[in-house]
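Chain IDs A, B, C and D follow the sequence of writing; residue 1 opens each chain.
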Amino acid sequence: MSDNHEKYRGIHPIVPTAFREDGSFDPDSQRRLVDYLVKIGVQGVAILGFLGEAHKLTEGERRDVIETVMDQAAGRLKVLVGVRALGTAGAIAQAREARELGADAVFAAPLTIQNDNALYTYYRELAEESGIDVLIHDFPENFTTILSPELIGRLANEVPGIVGIKLEEPPVLVKTSQVLKLAPQLAVLGGLGGVYFLEELQRGAVGIMTGFAYSEVLLEIWQLYTAGEHEAAARVFDHYCPLLRYEFQPKLGLPFRKHVFMKRGIFASDFSRSPGLKLDEQSRAELEATIRRVGLDLDPVVI
Amino acid sequence: MSDNHEKYRGIHPIVPTAFREDGSFDPDSQRRLVDYLVKIGVQGVAILGFLGEAHKLTEGERRDVIETVMDQAAGRLKVLVGVRALGTAGAIAQAREARELGADAVFAAPLTIQNDNALYTYYRELAEESGIDVLIHDFPENFTTILSPELIGRLANEVPGIVGIKLEEPPVLVKTSQVLKLAPQLAVLGGLGGVYFLEELQRGAVGIMTGFAYSEVLLEIWQLYTAGEHEAAARVFDHYCPLLRYEFQPKLGLPFRKHVFMKRGIFASDFSRSPGLKLDEQSRAELEATIRRVGLDLDPVVI
Amino acid sequence: MSDNHEKYRGIHPIVPTAFREDGSFDPDSQRRLVDYLVKIGVQGVAILGFLGEAHKLTEGERRDVIETVMDQAAGRLKVLVGVRALGTAGAIAQAREARELGADAVFAAPLTIQNDNALYTYYRELAEESGIDVLIHDFPENFTTILSPELIGRLANEVPGIVGIKLEEPPVLVKTSQVLKLAPQLAVLGGLGGVYFLEELQRGAVGIMTGFAYSEVLLEIWQLYTAGEHEAAARVFDHYCPLLRYEFQPKLGLPFRKHVFMKRGIFASDFSRSPGLKLDEQSRAELEATIRRVGLDLDPVVI
Amino acid sequence: MSDNHEKYRGIHPIVPTAFREDGSFDPDSQRRLVDYLVKIGVQGVAILGFLGEAHKLTEGERRDVIETVMDQAAGRLKVLVGVRALGTAGAIAQAREARELGADAVFAAPLTIQNDNALYTYYRELAEESGIDVLIHDFPENFTTILSPELIGRLANEVPGIVGIKLEEPPVLVKTSQVLKLAPQLAVLGGLGGVYFLEELQRGAVGIMTGFAYSEVLLEIWQLYTAGEHEAAARVFDHYCPLLRYEFQPKLGLPFRKHVFMKRGIFASDFSRSPGLKLDEQSRAELEATIRRVGLDLDPVVI
């Protein structure tokens, strides 16, 4: 097991940013979410990604979110911070801020430019000039940029600071194997709402970074799988599959997860900033019905 | 229930085109597939879609496929033919050929042009000048064109020949409700590998047109649901969910389905034309493991 | 000078398809256009490209256009035929038809797939299985596919049937030099309405294939340039630059050129098929004013 | 003439950000550029656009550029500041900073989202919450977002702070007329390197905001045109057309303009940040030859 594998194994929920009803950042809710994650025992928390509405925040709000989460985490779980900017300088500034505030790593979106040399330079400069561990965020559905396995392998093998990848280009399992063949030391984290988590583990992923609202389910699957209980892991995965599938719908992930967190008493509000789809009544009813069908609930959690 | 609902209700598997190992069309395998579908009792078969590799066939081969399927179907199930061309004239020619050869309907991809007026004109001319029922194929992942609910509603309400839609723009459930609110008489068929079939039915879809390899599963869900056995339908859907999910991966649907049909003795070969992903060993193993986990098999079918 | 350079040097106007007012193909107008091109002395004519509305024609109409032009050309100038299809089989069928009808070469659009291996295979199979000279049509603005200089060079050096390229990816001059460095034997033809024709020649293009309505202007520039009269060529180019610039506007090229051909008595109608921009009054007036400013006219030509 | 027309008429060069050879911001060069523009007499200067490499700067550098230009301009010409962010909050923060530092207006890129309602909300909130004049930057080639004439008209008519547009979606002249028909009070500024400046004026544009390196040429055309000397304006435009055309090549605009400013003694360096095309020798030679052919020079300017 490589150092990267050891450091980034496990469940790293990517979480929404909590807002009050008036749209301002709600640090109390954000702290409750951290406590909840600590309580269920996940290995890390990933903030300020696409799900975290990072692109809808000002620079000052970014800083607030990081400081709040760092303070509440207090070393009880790793903190990973999303980086996404229109150019290299902005990305480096974000990564440096994350390092200065004590984060463990950043997960960084590519530039919106389809040119392997430019992308290589971008990630290399980002890692070298920020001095913090960098995980590549490979999510073309939202970022439009395609990162080839060859480019990822080259970055992993030539740039010490590139330690992992949140891999979300479908078909994600085939790409997981391609990337690990080229760079076996890379920490591959699954994503895509956990919909392929069982097979991601079978392919060599060391964990997952995704927004699925019930992280305890992913944790159970991972604990069973890494304990060698492969059949039990599959049974648990299959059991929750209807919900994993339903909850992972493009554009609906954010309202679904904020709704669950609000109902469970973690977030005070399900407010999300525009632009973005609001939760319609029928989708809400379907979500709740699916949650109940797999035996979960929406009762307030005790933290 | 509108006439369109009545006519297009049920399961309409969209099927691959069978090739021999040398890459030529294999009518015997295609006929066996038709017989298999007739035997399990689905309502229709959809040929020459994207899954049918229609874009990789010559005009002559298109005709062969239609004639073969029409002859073997012999009125025992409906035949729907895919239409996709670079312009209106080519699409009309394909639709007319389908009508002349006796098909029940066409499902037609949009032009690759993001202009509502041009798209309206395209579909209107296609319907009026071909004289065959037209279902819109709404699948931006492959066709790139976005069809708004408003455009779909306008076409459905103003053009008599527009009878249905194979609706596959995510989030597909929200759009299903939006479209049916504007045009309740339209026959909405689900898609996307059946991954949302339960909720599609709840939202008002009258059936499905998708490539999931085990159509008998979709048929069972639909029969239970339309018989009012909603909970039983959900139980069956949830049971097969791990396979529905796994089998519906971008770029892998075609090799997966040809593999299943070959193993089950329906197709003589799993050959598919380039370009396209080939089935790697690990994906094959994962597919087969998932099939077995949900209690299905890959034994030769008795037709 | 390579054989390809020798064979494809000079001016090869890419021409619209002539329609009657009722939208049907007008062979008489198409023949007049051929005669006009023969009279002014260009080296070839390129039919059934994007400008030729090939994507709006049926297979039968394609054949009619080729036969009409071949018959009228009667060996007096080369005939190049556009190839564009949704897949390889359709493209090969088009190229074979062109060869069987006696055309000199095809210029072929790429598949709409961003994958170098698949594109290489496509062009190789197209050249090998059609048996006719193939020029690559590199025009990402309309076809969306990016062809890298490396891919073009590999095709040119490894596939004997790949003889040239109509190069239209901006910045077109830089790419011209890159491509010719990798494959100096390739016949590079300029495009983009002639807007960069002077520099294309300086960079090593052997001619041009474009739709600029006054081919006699391009011919004059080319004749001066190839006779070593570089300054005179630049003077002529600069003189007509206001028109070259104005006439080459996205979406307006087709209506502009049909308008000029109609006014000059070559086409009986300026009808073009939908979808497509129609000529508005102000654009028409601007075009005509610019034509007159550079000293050209719209009087009927004597053929 | 509307207030907007009056306020934003004339030439507003969009300018590069000056860097030293080590890549850091060079305020001295930036000040010289301002002085040069004041000397030739243009009406405004537009900083921090795409040409200004704004996406490659940190927040601190943005501020430095604005403060430097504001200080040097000292009311002698208008200052317009580019706004572009991943979301609304970031865009508002940039616009507020511009207002606080005394800028006259911002020109704002759209969000990268193809949804008219979301785009309307974005521009409305940007204008209302920043309190500074907003010009829409309509440049789909780089921003990918299409802004329909209807959306632009609605914004112009319903949101007082939307005062103008830098209109660069081809075919740009047709769209200019469409937009002005819907919102005649809007200040339309041309762009696209000045390639269509003559016709933009004829269509109702009140000026231009573009990066063409010789703003004195555009100023001469505009002065003649607005003085009613339409034929003389056309003669000047036609005379410089070879250079306008050559200088406006995708990806080369920035290195071309920095080269000219360096040769003319305005910028100390032609350094630009990656990613971006560097100036190759042949393009440099072509540029200089074209400059000389139209009678301009690269001699140091006296400021």
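Assume a contact is a pair of C-beta atoms (placed from the backbone, for glycine too) under 8 Å apart; a residue touches a chain by one contact, two chains touch by 3 or more.
As the structure is a computational prediction, the values presented were derived from the model and not from experiment.
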| item | value |
| --- | --- |
| Classification of the subunit C:subunit D interface as same or different, half of numbers criterion | same |
| Farthest chain relative to subunit D (centres taken as mean CA coordinates) | B |
| Mean-CA-position distance for subunit C and subunit A (Å) | 50 |
| Geometric centre distance via CA averages, subunit B-subunit A, whole Å | 34 |
| Numbers and ranges of subunit A residues touching at least 2 other chains | none |
| Touching residues (chain side subunit B, partner subunit C) in the complex | 53-59, 61, 84-90, 92-93, 111-113, 115, 117-118, 121-122, 273-275 |
| List of subunit C residues in touch with subunit D within their complex | 170-174, 177, 195-196, 199, 202-203, 234, 237-238, 241-242, 244-246, 249-252, 277, 280, 282-283, 286, 293-294 |
